[in-house]
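Shared chain: chain A. Partners: chain B in the first complex, chain C in the second.
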Partner chain A sequence: MSDRLLHTLTRRRGRLLLLAAVLCLPPFYLDAFWLRIGLFSMAAAIGAVGLALLSGTAGQLSLGHAFFLAVGAYGYSWFAGDPGPGLPPALAVLLAVLLAGAAGGLFSPVAARVKGIYLGIATLALVFLGHHVLLTADSVTGGFNGRSVPPLSLGGFTFAESDPELTVIGVPFGAEERLWYLGLALFAFTWFTARGLLRSRPGRALAALRDSETAAAVMGVDVARHRSAAFVVSSMYAGLAGVLLALAFRRVVPDYFSLVLSVDYLAMIVIGGLGSVAGATAGAVFVTALPLLMTRYADQLPLVAAPGSTEGAVGPTEAARYLYGAAIVLVLLYAPDGLHGLARRAGDRVRRLRSRPPADPTDRPSSPQPTAAARPKEHTP
Partner chain B sequence: MTVLLDNILGGLALGAVYALVALGFVVIFKASGVLNFAHGSLLLFGGYLIAVLHDDLGFAGALALAVLTTAALAGALDRFLLQRGGQDAHSAHVQTIVTIGIDIVLLTDLARRIGGDLLTLGDPWGDAVTELGPLTVADSRLAAIVVSAVVIGAVFALFRFTSWGLSLRAAAEDLEAAALMGVRLGRVRAGAWCLAGALAALAAVFLAAFPAPGLERTTGQIALNAFPAAILGGLASPAGALAGSLIIGLTEALVVGYQSELHVLGEGFGDVAPYAVMLLVLLVRPTGLFGAKGAARV
Partner chain C sequence: MNDRTTTAPPVLDVRDVTVRFAGLTALDGVSFTVTPGSVHALIGPNGAGKSTCFNVLSGLCRPAEGTVTLGETELTRLAPHRIAALGVARTFQNIVTTHGTVADNLMLGRHALTRAGFAASALRLPNARREQREHRDRAREIAELTGLGALFDSPVALLSYGDRKRVELARALCLEPRVLLLDEPVAGMNASERARTARVVGELRAELGLSIVLVEHDMGLVMRLADDVTVLDFGRRIAHGTPDEVRQDPEVLRAYLGTDATEEDAA
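Entry: the complex of A and B
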């Protein structure tokens, strides 16, 4: 049995390595447009994983994710930039993530006590108040026009167009190519820490909290502490995503960090399947890439007008929003475990078909496995 | 003094409109446990219908048709989409997120149709004003207060005296027991959604009337300020929604009115003041002012 386990483990590790190698290739083959899609997707994935920990695993509805992204993005550009202390950028990244965590911690008196839908609306307040602060505190945030983001440099290597000039196997490495690898590294970090966290003691405690707060408390889980800790960790991931977004945009403006962004992140984890790291990643790629791709290929798509054409026509951004609004509704009503669950069930079916003798294809199992995990009934008077 | 009275009256009018919206949230929440994020776009839908129809049907006809259509749309959304998800507490959370998806689709479509336009609803008040002692009050504000008071009174009577109201209260108390007593949960729910939709369409009239410039694509977002109003009072309490709406309306009007004195808080703080108030209240009372404390049964 241990042999078999070892075998599975090595196979899984081999697959991961292969995936990592494949993900290292795009800068050599794709142009800046595709690299930017990838970059935004990776940043979104990092943020979505953070939200998946909070909303999917700990069961706390949060609409305040945009606020923590903003704290990360603005924190980085303030710490590393001018006006600001002008610290070394690497240190600024760390401080920005910690700042986002601290912001989450400051909110914890609310996060630890307020539950469910109430928490969702309370976090809504963060987005609106945060947006207001971003607009008014000109000296720090640059007001409506935002502020430019200093490029990241690590030990003399700058993640920007030049300095030093770099050409690898005949491919000139500009900002997108360099940031791609940075994003990949940060995403890998997020992937492994988040999965580790989910499988650890605190992760189990959070899942127990989601399923039944009373039962978890009886089992010795400190409810208030775990709830606020989940909030802090989630906002730190959001902060990291904010830093990466800021680096990719090279300029941060308040209007980007609005309620729409929070809803986008919620859409990501819902479409991907609540509470799984892989699902959050898939959802992030879907929600991020869809509008960009539709904008690019608008002239070749049926029913979609080119951007900036006559008023009232369905533009690519609108078409993308229709699609993913509908995706949220359909996923939640018909496949509550999202893309992740769909993929898993498809995999199960393929495996079942393969393990059966191919002689009688008519004799399929009539009922597939129960879809959503059965959940104990909650009593909320 | 006049300034203060003026602001208070403005706040009351705003609060009255918020109350229409917040009452919609509460009715839906009581009946289905769902917080309806699509409420803003339902409101915009109602307003848009009035704007399109009032030339042909006159204001009253357009209003009646819009209220009915919005009610039907809300009821249909619940009956044909949300009710597929089941009735227990967990699926209520899921359905709350489904309403976000519905909101995205509806709002995108309405925003596309409205574009950058300012639509007039053709309401009978226009920019007329009435002198009340030292005050000059816009007729639309007085109408907002009067109409809201009448409608809200009627809704409370509906809760109290009709069999539908009784079913609604029973369902909010205990779903299973209500179902066993013969309450048809699906119908009660859909009815609640219809009522909320009608209230939202009505609120659109006053949100777009003078002194506001007209109906625009962001009018639905203004209705988001009714979220703090509903939460402030406790989501399951209609009286709480009323109190919360008045508090939020007064706060907003006073902050805007005394903006020059409140310069420290930055320009445009009036827009976010409701949320600041709500956070403060939630810190002290996590389930709102009138919310039930809710003991957990194991």
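Entry: the complex of A and C
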């Protein structure tokens, strides 16, 4: 038994290493366009994992995710830039994440008391407030035109076109190539920490809050504290995502951080499958990459107009919206547990087919597939 | 890890508790005392206030008047999670389990006994991991005790009704409680499942010396397990005593069999 466990563990570790190695390759083979898609996807994945913790695991809806992304992005640009204290960029990253967490903490009197969909409405205010501040606080945010983002440098190595010039095995390493690895590292950190959280005491407490507040409270979970902690943690992931986005964009503007962005993040976690790190990642890649790909290949797609053309047809960005709108409807109707659930079911089926050879009809129904419908009912005292 | 069960549990004292929901008086000056290490049954027809009484004991419902004390501590002013931390665990009438496996549910029961916070868990610090391992071992022991050992890693949603009921019991036990509140632990179970749960409850009392408060409609079970019985009807205490005394009480017979003008649904 323990031998088998050890075996699966090493195999899982091996697979993870292989995956990491594969993810390190793209800068050598793909051009800047694809690397940028990857970079935006990684940033979105970090933010989506944060939202998955809050909405998927703790059952708290948030429409304010764009606000915390903005806090991270602008926080970094201000801490590291001019106007601003011009701190070392690495320190600025840390401070920006903490600032996003603090902003989440300031909101925690609301986040701790208001639950579910009502919190969604309350957080709506944050987006409008944030957008207004970004537009009007010119001296800090640069107003409508935004501000440029100073590149990140770590110990003399800058994540930009040059300084130092770098060529690895014949491939010149520009900003995209370098940022790819930064994004990968930050995403790995997010993956590691979020899964750690979900599989331990705080994660179980949050899931219990979602399934039944009464049961959680009676089992010793401090409801208000865990609700606000979930909100703060989710804000910090959003802040980190904001920093990476800012570095990828090299310029931050207020209009990017609108309600639409918050809704995009919700779409990511719904499509991916609520409450799972892998699902949030898959959803983030889907929602981020789709419009970019459609813009690029607009001329080859039917019914989609090339960007900038004034023909009556649908532009690529809108077409992408329709597509992922349809994806959400399909997911909600046919796979409420999202891409993650689909993948898991497919994996189970493959495993069952493989391990079937000798017919064994007395097999207990042990495939762990709780459907949403089978979820135990909420108790209301 | 469970040193607090080695000492006798404190007295649970309910004094003149009154609960009103708008115009309805759900509990009307109810008093009873649970002596340490005893099984105290709360019985009465549907709507008598038994579950409301449990909600007061576990802090989900604040009484308008009256006090509940556990030893020296007054419970009526405390939030539910603080009462849980004092070693009061409960199960629910309609099963309330959370998503995930039996192990996840039982580990939720260890919440009040463990410390690992958000930062330590996210960074998977050695302390947090060791704590999780130790408590998981104990949760497995409790699963074995309640007959859930083989189902430890199964998702709760796939279990039978009786097994889910037992998950609730095991989860409450994971709190290492000193007082255990069981709300209809055998409702809807078949005969063998009932017998098994009755045996587990009996063993618990014998081995761990817990105080148990039991709400149950199965009179056979109540009469077999209980040391004291308190009978409620329409929020008032109408009788109190040993099972034999209560069985012969005219008030109880009236409430259950409905010789009065109010045709009460005999439970």
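Operating definition for what follows: the second predicted complex is superposed on the first by the 361 of 381 C-alpha atoms of A that agree within 3 Å, B and C clash if a C-alpha of one lies under 4 Å from a C-alpha of the other, contacts with A are read in each partner's own complex, and residues count from 1 in each chain.
By our rule, contacts are C-beta pairs under 8 Å (C-beta built on N, C-alpha and C of every residue); 3 or more make two chains touch, one makes a residue touch a chain.
Predicted model only: the values in this text are computed from it and were never measured.
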> Of the partners chain B and chain C, which touch A:G203 in the superposed model: first, second, both, neither?
Replying inline: second
> Can A:L134 be said to touch chain B (first), chain C (second), both, or neither?
Replying inline: neither
> Looking at the overlay, what does A:V233 touch: chain B (first), chain C (second), both, or neither?
Replying inline: second
>> Contact-wise, after the overlay, does A:A194 reach chain B, chain C, both or neither (first, second, both, neither)?
In response: second
> Thinking of the overlay built on chain A, is A:L266 touched by chain B (first), by chain C (second), by both, or by neither?
Replying inline: first
>> A:T214 in the overlay: touching chain B, chain C, both, or neither? Say first, second, both or neither.
In response: both
> Which chain makes contact with more of the residues of chain A, chain B or else chain C?
Replying inline: B
> Across the two complexes, what residues of chain A are contacted by chain B and by chain C?
Replying inline: 214-215, 375, 377-379, 381
>> Under the stated contact criterion, what part of chain C meets chain A in this complex?
In response: 51, 55, 58-61, 79-81, 84-85, 89-90, 92, 94-101, 104, 107-112, 114, 116-118, 121-124, 128, 131-132, 154-158, 164, 171, 175
> In their shared complex, at which residues does chain A touch chain C?
Replying inline: 192-194, 196-197, 200-205, 207-208, 210-212, 214-223, 229, 233, 365-366, 368-371, 374-379, 381
> Okay, in this complex, where on chain A does chain B touch?
Replying inline: 61, 109-110, 113-118, 120-122, 124-125, 128-129, 131-133, 135-137, 213-215, 259, 263, 266-267, 270, 311-312, 314-315, 318, 321-322, 324-329, 332-333, 336, 375, 377-381
> Tell me, which parts of chain B touch chain A in their complex?
Replying inline: 29, 35, 81, 84-85, 88-90, 93-98, 100-105, 108-109, 112-113, 115-116, 173-174, 224, 227-228, 231, 235, 265-269, 271-272, 275-276, 278-279, 282-283, 286-288, 292, 294-298
